[in-house]
Amino acid sequence: MIRVMIYNEYLHEQTEEKIRAIYPDGIHGQLKKALAADDLQIRTVTLQDLPQGLSKEVLDETDVLLWWGHMGHQKVPDETVDLVKQAVLDGMGMVFLHSGHHSKPFRALMGTSGNLTWREDGDRALVWTITPSHPIAQGIGRFILIDHEETYGEPFVVPEPEETVFITNYSGGEVFRSGMTWKRGNGKIFYFQPGHESFPIYYHPDVIKVIRNAIHWANPVCRTEITCPHVKKPLEGNADETV
Amino acid sequence: MIRVMIYNEYLHEQTEEKIRAIYPDGIHGQLKKALAADDLQIRTVTLQDLPQGLSKEVLDETDVLLWWGHMGHQKVPDETVDLVKQAVLDGMGMVFLHSGHHSKPFRALMGTSGNLTWREDGDRALVWTITPSHPIAQGIGRFILIDHEETYGEPFVVPEPEETVFITNYSGGEVFRSGMTWKRGNGKIFYFQPGHESFPIYYHPDVIKVIRNAIHWANPVCRTEITCPHVKKPLEGNADETV
Amino acid sequence: MIRVMIYNEYLHEQTEEKIRAIYPDGIHGQLKKALAADDLQIRTVTLQDLPQGLSKEVLDETDVLLWWGHMGHQKVPDETVDLVKQAVLDGMGMVFLHSGHHSKPFRALMGTSGNLTWREDGDRALVWTITPSHPIAQGIGRFILIDHEETYGEPFVVPEPEETVFITNYSGGEVFRSGMTWKRGNGKIFYFQPGHESFPIYYHPDVIKVIRNAIHWANPVCRTEITCPHVKKPLEGNADETV
Amino acid sequence: MIRVMIYNEYLHEQTEEKIRAIYPDGIHGQLKKALAADDLQIRTVTLQDLPQGLSKEVLDETDVLLWWGHMGHQKVPDETVDLVKQAVLDGMGMVFLHSGHHSKPFRALMGTSGNLTWREDGDRALVWTITPSHPIAQGIGRFILIDHEETYGEPFVVPEPEETVFITNYSGGEVFRSGMTWKRGNGKIFYFQPGHESFPIYYHPDVIKVIRNAIHWANPVCRTEITCPHVKKPLEGNADETV
């Protein structure tokens, strides 16, 4: 059983009728419903629940955290960012969705700005599988067709990824590294571009399949804090002993 | 002064009138002319000159080798492949162009097949700059527009690159990691997709600028064979001494 | 059930009394015995069985191939090397042990020489865990103590690894990146340094644990040949259709 | 001319007689003196000069920033950290020395804790060259011998580096990836372990040579802020135009 927490700021759906029509239960509600599976225990949390909703206790009981945010990025408390970063270093998996590229936790974990270029012309997107043997790409064909998506373009200011899993072709002409992985401490991180709030992208079976695969991939291999101990010589006394 | 050698198999230009019309002096002739600069000493060699044309002596006097091949890949002698691979391990830089993805030296250095998907529909290609601060991208804007190019698609079976410098969007819908770097031993390797023989791509100033930048980038920092010596303990006698 | 094949050239054990005393059933025999587990189906093959012993049919029924070779590297047939390389590109996992750094398949997959420096002084080796959250390091503490090992030193001529899992400190002063991973096509590769034939290293529980972990890690996520197809435009007809 | 700024917190040298005896002009003073060269313009700044001493204006006139800090890490103002991080993303090079692994700018750029293990037993350190062709390793032999150094041990909680240039063997048994590179945005980052304040390490010619090489390597290829613009379609109007 993987314990999944979905963070969605839940602002667009409450303030814009057009978005609410697509996601009447919020993006988190739709993701929870679409991802439902016997081996996943899924909870959700929104911006108004912070910081308590992502306290240390809650994060300790979270194996993989999904993050969807946009207009409320700056309202996320810094203490939440610090706790999320530490949980990832300890081993918690993390999946950043779409505009999450500009969220505070993403920037903090990448060490960059997360900047990119963008257009809102409802381009057709072809999300190409670059690494077919990656666990996150299993069950996906050569590409995922998304009829309309916000266009993200390069340069995307992130560290060179460990693996590039997907790259998107937009009909207007851009490319974007839309699926990439990194590791920070014990924790695995996946960024996945699809998911603009104006289009019903989280109803797309292949998009959901990728996110579900990512949850399984990011599920911690081990979870433990790596500290900075003052140690004895390795062969003197207990090798793991600290001074 | 960087000593550049351009290898072009020089077959299409001799057997197909349409190609000869574009490259009357061969692809190597055009590249030599377009790349000419005070700090580059440029020579050329073709398939019919092998193996002597790329002997150990010739490679020893080559700082950076460019490689364009296609229909004649299998005619390249294995001894040439071995010499080229060793020269790269010793420090020689290498720039593989277009269909060079299937050449014997490329496969030998990558350890993979170099496979990809392809179409010949004369798509419009936008070659996007992914890493604007890379030496190879200097002087290039957000993208290079190529009116007509053969389409290459993913998956491109190569090891995860050290740096992805360019990714191409084709008007038909594909993406392709069109500029990537790797290192093998002391030598630097750059692959660059543009350059189908049916289109006058090596007359495009930005394509030439990228190749020239790549020559400077791949110019060896040091050139020396790394052997497999039986050594003494590092602090006993001469540290560099072998048994 | 993971189908494991252990290749051991099986020469030292037959020609040197001292080695036979350590491995009376050969290194492959000891590895098979030590690795035995309910979820592993283990077979062995030696140099004298080649090329039939590693035919395409045999490799098709192998999920993960272990490779121990040394004095017989050059006797491995080139057709075996080609078949092994293709199997890895298709998805077969591979674990190279100790002097396998100089084997033909390792060099072919790395694209380098696999050179390093070496000493045979029976140094004490401390194999440090660099990436504690890697699946291959699970169950291993801060380091593995090996009382006596052949010393391997840097520079180790391999491509920059995807992950450095272990680095060894030798009492004589060297360091060596003793556990590294790469990917080639669909296949995962792990190199692990411990295992000189003169010392009973494959009786060490932690060494066996690492190899067992590596088998599980390298077990294919998917296995399929990635070819080089002439394709149709992605949105015309069947996206996966070739011309 | 490369404009170098050396940040040294300058606390140990003022509060501990033993340290002052080694570095009467401070670590920054010794580094400035030792690094002096015709093509370097070197300035220094200390903790008490912050935040003005590393204002945006000062950073704009800095090509490469060196950072030595230890007991004063927490006293570095957050605004300085933000300015330094942005300068790196824009292209400024950065060299973190020794205990700088725990500095705020290092943690912010890595996205990790920078944790490691440590001992103060004055071990002999052998700093091995892993990548002899790296620009930072030019002029360095197989290893640098440092008679006495603080011992740093793995795991070192940093993202997988782009290149591992040096790894150290300590006489007490540890290993440590002592020279690594990363890129963040347009900026290059090098971490170099040698330099404990209790030993005269910045008088060692090879240590100085590495730092000087790193300055040249980290000198910006280009320097420009990569923003997050709302763009037009690439082939409509000016490709670089924002909405």
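For clarity, chains are labelled A, B, C and D in written order, and residue numbers in each chain start from 1.
Following the convention adopted for this analysis, contacts are C-beta pairs under 8 Å (C-beta built on N, C-alpha and C of every residue); 3 or more make two chains touch, one makes a residue touch a chain.
In this text the structure is predicted, and so the values were computed from the model without any measurement.
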In this assembly, which chains make contact with subunit C and also with subunit D?
A, B
Contact counts by the stated rule: is the higher one at A-D or B-D?
A-D
Same residues or different residues: which describes how subunit A and subunit C meet, taking over half shared numbers as same?
same
When the C-alpha atoms of subunit A and subunit B are each averaged to a single point, how far apart are the two points in Å?
36
Hey, how far is the Cα centre of subunit B from the one of subunit D, in Å?
34
Junction residues of subunit B - those touching two or more other chains
126, 132, 153, 155, 160, 162, 173-174, 183, 185, 226, 234-235
Residues of subunit B touching subunit A in the complex
126, 128-132, 153-156, 160, 162-164, 167-171, 173-175, 177
If you look only at subunit A, which of its residues touch subunit D in the complex?
85, 89, 102, 108-113, 115-119, 121, 153, 155, 157, 159-160, 162, 172-174, 182-185, 226-235
Complex contact set, residues of subunit B against subunit D:
91, 126, 132-135, 138, 141-143, 145, 162, 183, 185-187, 220-222, 224, 226, 234-235, 239-240
